[in-house]
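Look at the two complexes coming up: chain A is in both, with chain B in one and chain C in the other.
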Partner chain A sequence: MSVFLAALRKDLLLQWRTRAQLVAVFVFGASALLLFSFAVGPNAGVLRQHAAGFLWLGLLLASTLALADSFESEMAQRALEGLLLLPADPRALYYAKAVANVLQLTLLGVALVPVMVVLYDAGTARVGALVVVVALGAAGLSAPGTLYAAMTAQARARNTLLPLLLFPLVVPALLAAVKATSLLILGDPMGQLRAWTLLLVAFDAVYWSLCGLLFERVVED
Partner chain B sequence: MGQGKWPFVAVASGLALLAWGSSWGLAFAPREAYMGDVQRIMYVHVPTAWNAMLVLTFAFACAVVSLVRGGWKWDARLEAAVEAGVVLSALVCAQGSIWARPTWGVWWDWDPRLTTTAVLLFAFGGIMALRQFVDDPVKRATWSAVATVIAYVDVPLVYFSVRWWNSLHQMQSTPETVSRAFHWPLRINAFGVLFLLMGLVELRARTAFLRRETELEPPPSRAAAAVGVAS
Partner chain C sequence: MGTLAVETIGLSRRYGRRWALRDVSLSVPQGSVVMLAGRNGSGKSTLLRVLATALRPDHGSARVAGHDVQAGRDGVRQAVALLGHQSFLYEALSARENLAVAASLLGRPLDPGVLARVGLAARADDPVSSFSAGMRKRLSLGRVLLQHKPVALLDEPYGELDPPGFELLDGVIAELRARGATVVMATHLVEHGRRLCDRALLLDEGQLVWSGPAAEMPLDALRGSAAP
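Up next is the complex of A and B:
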């Protein structure tokens, strides 16, 4: 546990010191949201209908940049190898990195919500529920994303490889997050929000446990 | 890896069974009442879909054994099974589209099985790309096994999420849901594809294993080369 906390502190400190990067990723996500509206045209009703999908696509595209960066500094000067030789439990290192990534992506998602509200006129009164959905979706992207980032950081063509592996995998999380967000914005007459949130929780539970188990094999030499 | 001739026998008998089953299905089986001759694509579509699932399950088993016990044999089998799975998934999508156009009036539909197959195609295609981009054979073996486990676990999640999201596909065709007249060509083709698949996967695994051997063979050391020059 103390290893986990120390590693989490290190990861959060690392993210704080590279916060200019996070701002750049946010601008990337916001400009993606702007571009999606050009693809659909200036029809306010249609834009509002698709706002949730655009928000999550923007966050997904931005997340590949944020996730790919998260292992960059660990590979430079073989910092990760040093940590493993301490020896630090690889599982603690994984969960610390994944939790740090969830916090970063949640922050990014919450920051993109006002952009969505302004551009697509897609507000909701249930802000607390929206933050929970964004956090659960961010957790769904981070669990496999952190594991794959550890692999692709050491491979050739890393910028192509991470989205190639991650995108098909997160289809259920994306689907559930879009549906849940959409229900919050457009109203939920059938009471389906609970079911979609549960699906998101199930996805998170499966991948948070499985990726934690497999991470050790990915970083061992 | 083995050296036996059985894969060639399997490929030959698979091709023979496919020729028999398909000609039966195309020429002699009765015409379907509602869909007409278009329905005859079922005789290759359904066996391909069954075998795609089967070979991806085999890939998952190879990945688990490779992670638990290690060994280049299982890595070679994983490589072969993932490739065969990608090819079969692509075939299932293509055959499904050919059938869907005249029947449903659209090439594509967001039905759970169709969408899951497409997602699988991309997920396992990504694993093939991963294997291309990792030069260290040990890391390649471990990472592709890890990615295979992760992608396979996704299958039920994708299936059920898409099923909640949208549905239109007709019930799966199994010998129980179709008339007896259609049984035999379907069964013969299912075993035809299975034998063909077994033979090709084994041959592909042997190739992968030989490649790995040359990859891992240590280069001749300087000392040995120097001795060779001296003598």
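Up next is the complex of A and C:
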């Protein structure tokens, strides 16, 4: 536990020191939301209907940049290898990085919500529930995203490889997150929100347990 | 011969189709300071990285501090501190934060004397990205010191250091020797190494071609092809 906390502190400190990059990632996500709104057209009803899907699409695209950045500093001077040789438990290092990425993606997702509200006229009174869904969806992106970012960090075509590997894997979690967000925005007359949220939690549990097991094989020679 | 800190038998490692190490068998007694010499590309860094468990060997075996580098990887890592070509440092963090990360992952508080020992106390809170190559090397040396491991593997430790840095490093090696640690140091400063080290190992094209007392290492072996 102490290794996890020490690594988490390091990851949060690194994120804080490179926070300018997060602003750039947010601008990228907001730009994506803006472009998607042009594609739908001016019909307010249609915009509202598609708002949740576009929010998650914007967050998914922006997340590939944030996740790739999270391993930039680990690979630049082989800092991650230095930690493994100390030795530090690879699983603790993975979970610390993944938790730090969840926090970053949740922050990014929450920051994109007002952009969605303005562009798509898609607000919700259940702000707390929306933040929970964003956090759960961010966890679904972060667990495999952190693993794949570690895998691709030293590849020449990492910017292409990361989305290629990540997108197909996160489709189930993304569908659940989109559906839950959509129910919060458009209303939930059939009471389906709980079921979709639980499905999202289940996908998260699968990702977090499997990716934690695989990380050591990915980072060791 | 006393206890061996490092022992390899038929150790080989290749990158693709090129063998970086071929059938290397050597032994390093505990508490000795050993120079690892050889031309560029002779396999020095690969050997140190295999001994530190940063790379897996393709053939042969190696034991460090009594642990096999493959079967007992964690034991080796508990015993070895590596100073590599890469600094293992985070550019965005300060010198103090970098050492604190390593110390906290080792489960101990940061000894504030380490930064002073490597001459970086005045720049302790500056980000590593603002450091010169020599200062990064000093900080990496501090990272090795704070680990208090019984085996130190130093890859080109004199590279990028200024004359005071040379003295500092000589002092650190003397300190490690006094502590009873084993030091294996890859270097091109053979004359200096002959004075400082007890033993020498000479690699050529991935093969061990000479080993013996450092003072007796043939200097001409580094030029042209080496003779056993």
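FYI, the second predicted complex is superposed on the first by the 221 of 221 C-alpha atoms of A that agree within 3 Å, B and C clash if a C-alpha of one lies under 4 Å from a C-alpha of the other, contacts with A are read in each partner's own complex, and residues count from 1 in each chain.
In this section, a contact is a pair of C-beta atoms (placed from the backbone, for glycine too) under 8 Å apart; a residue touches a chain by one contact, two chains touch by 3 or more.
Everything numeric here is computed off the predicted structure, so don't read it as measured data.
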Touched partner set for A:86, first chain B, second chain C, both or neither: second
First (chain B), second (chain C), both or neither touched by A:7: second
Partner chain in contact with A:175 - chain B first, chain C second, else both or neither: first
First (chain B), second (chain C), both or neither touched by A:165: first
Touched chain A residues, chain B compared with chain C: B
First (chain B), second (chain C), both or neither touched by A:113: neither
Common interface positions of chain A, toward chain B and toward chain C: none
Contacting residues of chain C [partner chain A, same complex]: 52-56, 74, 77-78, 80, 82, 84, 86-93, 97, 101-102, 104-107, 127, 143, 147
Chain B residues touching chain A - in the complex, by the definition given at the top: 67, 119-120, 122-123, 125-127, 129-130, 133-135, 139, 142-143, 145-147, 149-151, 153-154, 157-158, 160-162, 164-165
Contact footprint of chain B on chain A as seen in their complex: 144, 147-148, 151, 154-157, 160-161, 164-165, 167-169, 171-172, 175-176, 179, 195-196, 199, 202-203, 206-207, 210-211, 214, 217-218, 220
Interfacial residue positions of chain A with respect to chain C in the complex: 2-3, 6-7, 9-10, 13-14, 17-18, 73, 76-79, 81-88, 221
